[in-house]
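Have a look at these structures, which come just after this line.
Consider the two complexes below, in which chain A is the common component and chain B and chain C are the respective partners.
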Partner chain A sequence: MANVLEIEKLNFTYVDTWKKVVSDFDLAVPEEEVVVLAGPSGCGKSTLLRAVNGLIPHMYGGQYSGSVTVAGKSVKDTPMRDLAQTVGFLFQNPENQIFMFSVERDIAFGLENLGVPRPEMRKRVDEAISLLGIEHLAQRAPHELSDGQKQRVALAGVLAMRPRLVILDEPTSLLDPRTAAELVELVGRLRKETGATFVIVEHRLDLVTRVADRMVVMDRGAKVLDGTPSQVLFGDEAELYGIAVPAATRLQKLLAKDGAVGTDRLMGPEELAAETGRGKK
Partner chain B sequence: MMWLSGGFVFRRGESAYHQLDPRVKLLISILMFATTLLAKAVYEMGLVIAFMLAVATVATVLRRVARTMLLTATFSAFIFIVNILVTKNLETSSLYATRFVAIVVSTSLFFITTSPDELEQVMKTFRLPRDVVFAFVTAVRFIPVMMLDTVQIMDAQKSRGLELDKGNVFRRVRNMIPILIPLVVNSVIRSGELAEAMESRAYGAVPKPTSLVEYRASTRDRLVVLASIAFFVVVAYSFYFVPPLQLP
Partner chain C sequence: MIRFEDVVFVHQNGVRALDGVSLDIPDGETVAIVGENGAGKTTLVKHVTGLLKPREGRVLVDGVDTTSVSTARLSRKVGVAFQNPDHQLFSESVREEVAFALRNFQFPEDMIEKRVKLELGQFGLAEYERSSPLVLSGGEKKRLTLACILAWDPGIVILDEPTVGQDAIQKEKLSETIRMLRSQGKTVIVVSHDIEFLWPLQPRTIVMKSGKVVGDGPAKECMLDSEVLRSARVAQPQLVSFYRHLSERPADPFVDPLDAKRWLSGGRAG
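For the complex of A and B:
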């Protein structure tokens, strides 16, 4: 299968600074994969995402070498308006990515900017609204929405552009646990329904590993681990890089030592209890 | 602050007046404004205000408009006193005072019945540059957010011992600094994030962006325009050419 995203030997230093924030980074993501990107604070995750959607180098200057290719387009040589239709970016703060005074208009924002004709725009906006199940919010103003609803609206605005690749930068960090879980499950469903590829920076690994096919760990700008979530989390290195391994996973690892359970895939608490004969039958 | 939010901030409404094309609402408010300038006697101004209140009733915003009128009356009383001291003329002083109230009401009627989206449409009709219109839309969009920010920062600083309403005027102004600095810092961060999100959603990609909603004047809008203009001409004529009634 073709790769939607290819990063080769990417190096980046922000203008007027000396520290290399991304160094010799390589990554290839095939179509329809969901990738979690994890790593300690300040290791360059957000910077890497900016380089994927073109904010680097089109908006942020600096020293740039290597290449990033999205759906066959070289990010460096493609203008933002083309990239915006290929890569969708959901940011951390739901408030600061909603511009218009009604939900419906905001979802249309990107399409309006691209000059998409009204009938086509109507169709795509309605499609995004039903994809996210937010029909009841369509006429609301942003200040009439909860944070979880705002994040859904923002995601609808991103999906209305029909991107091949969607990148999400800590999309749940301002949400309560339940809303966060819903958003992550939504990503799993959207992958099936839209066929898009997702790269998520996320700290709540217990949630995100349920939908992720792959986990990449970054440290000081470089890629240090890359594999399936179970390979990465059952390995001994993850904790060295400050990854918060979920409690259930640590338990599974301990139980696996006496052969009580396997480590071929991650199990949730309920499943672990059932496997060891202590859960509800 | 309350005066401003009660009298000029849009709240959703279902009335027939709300449904009018925003440009028609603007026209009505402009005509009412013009009428206040033509009225030459206090009772005429009274009629104008009564008419505005009737419009407010149709628009189901009478209570808000009435409250705004009461709050405006304070400024109005001030205008009256200054005028009477300067001109020593009861008739013109009361005319100016009531005219001020009438002007506020006519403007307020437009703003409280016109959503920011509709304001955007009006601005587009005047062919203002896209950047100007967009800056306006986001400014309005973020008013509630900034208000909430301010309240939160004030609470946080108060809980750390900041006493906002203690001391003389200078002391109080100085006390505002711990509120203003985080507010400014917040806004700077916010504008950076907004810029990133705008870029990521193709802001400025084409010179002529399209629009999801289309405002097209309906037959009812046209009829209202004709009726308003006709009514205005009659009122203006009678105010201008018919000598004012002599009150006994």
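For the complex of A and C:
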């Protein structure tokens, strides 16, 4: 399968601080993969994402070497306008990206900027609305919506551009746990229905590991761990890098030491109880 | 002591953000307030600080009705770190930010000097002493707001979503800070969606839904009430969910994965 994202030997230093923020970073992500990117605060995650959506080097100055390629386009040599149709970006706070007077107009905003013809725009907006199941919100004003609804509207705006790669930067940090779980499940479904590739920066690993195929951990600008979520979280290094290993996973690891349960996959609390042989019938 | 007597608060848009809330929070208690977005959690804590005044009912802080004192006077007793640190940071430097309230409360200069140093050291911000608060990361700004509050040593400390944007290491430090405040006898109120962060602290837990208190008790009791949690859209801690799915179980749910492991292996040996 072709790689949607290829990062090769990326190094980046911001011009104002002269601190190397991304260091010899390599990553290849095939189509339809869902990757969780984790690491302590200040490890360079946000900078790396900027280098993927083109803000680096197009908007932020600095020392840049290596290459980032998205769907065959070199990020460095592709204008932001073209990248906007290839890489979608959902911010932590949806307030940063919804600002029109109706939900529909908001979803159409990116397409309007690209000058997409009306009938095509209509089609794509409707498609995005139905993908996210927000038909009932289409005519509402964005500022009246709940936080979870706003996050869905912002994501619809991103998907209307039909990006090959979607980046979600801590999408659940402002959501309550149930709403956050619904958003994460939505990502799992969208991956199947749109064939897009997802990179998610997220601290709530109990949620996101349910849909992720892979987990990459960054520390001081470098990639330090890369594997399936179970490989990374059952390894001994994750906690050293400031990764919050979920309580059920810590318990699974403890129980696995005595051979009570396996570690081939991450188990939720209910499954874990059943696997110990002491679960409710 | 904080007392809410049948408090009603109505937003300008007509939403009853607090709909008849009655509560007593004795001195020295650690309290978690949980519930979905819009349940009224932040509105509730803004009543403790006096930033909002009830439309009906009364809020008493140490026996004083919040409508009868200025918010400035109340703030000597009640320190609050809001969810968005940008709403409360405005000084030119990190040290001035911490010193600001101390000057307002007329602490002597040498005392201010000492408190600023102490708090910045405590929260790992000493290297930014002369930087503008605006250059800090989101997590650092949150720690700065906490440093500012603890500097004047209020008896009641309120933290609104303190873990947002914090990684596991910082969360652990935050958890230690809360334990320290608790051992100093302070009242600590934490508003949070982060159930897994709250669970090891075992706070008294208040569950809110649509402006009402729908659950209130020790974490061990509250977090076992799946009905209430589901209706309030609050997640159950993973270890509680594990406990519930066991056929036989001890009297109380496990606080730490090690407790669960010990109980399971003890049970097997016997």
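The definition used in the following text is that the second predicted complex is superposed on the first by the 281 of 281 C-alpha atoms of A that agree within 3 Å, B and C clash if a C-alpha of one lies under 4 Å from a C-alpha of the other, contacts with A are read in each partner's own complex, and residues count from 1 in each chain.
In this section, contacts are C-beta pairs under 8 Å (C-beta built on N, C-alpha and C of every residue); 3 or more make two chains touch, one makes a residue touch a chain.
Treat the numbers as computed from the prediction; the structure is a model and nothing was measured.
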Which partner does A:Glu33 reach: the first (chain B), the second (chain C), both, or neither?
neither
A:Gly110 contacts which: chain B (first), chain C (second), both, neither?
first
Considering only touches as defined above, state whether A:Glu202 meets chain B (first), chain C (second), both or neither.
neither
Return first, second, both or neither, reflecting whether A:Leu174 touches chain B, chain C, both chains, or no partner chain.
second
Quick one: classify A:Gly42 as touching chain B (first), chain C (second), both or neither.
second
Applying the document's definition of touch, where does A:Leu55 land relative to chain B and chain C: first, second, both, or neither?
first
First (chain B), second (chain C), both or neither: which does A:Leu254 touch?
second
For chain A, which residues lie in the overlap of the chain B contacts and the chain C contacts?
none
If we count contacts the way the header does, which residues on chain B are in touch with chain A in the complex?
12, 115-117, 120, 134, 137-138, 140-141, 144-145, 190, 193-206, 208-214
Show which residues of chain A lie in contact with chain B when the two form their complex.
50, 53, 55, 58-59, 80-81, 84-85, 87-89, 91, 93, 95-102, 104-105, 108-118, 121-122, 125, 141-143, 157-158, 161
The answer for chain C against chain A in the complex is residues 35-38, 137, 139, 164-171, 193, 195-196, 199, 233-235, 237-239, 241-242, 245-248, 257-258, 260-261, 264-265, 267
Contacts from chain A onto chain C in the complex sit at residues 39-42, 146-148, 170, 173-181, 203, 206, 239, 242-248, 250-251, 254-255, 258, 260, 268-270, 272-274, 276, 278-281
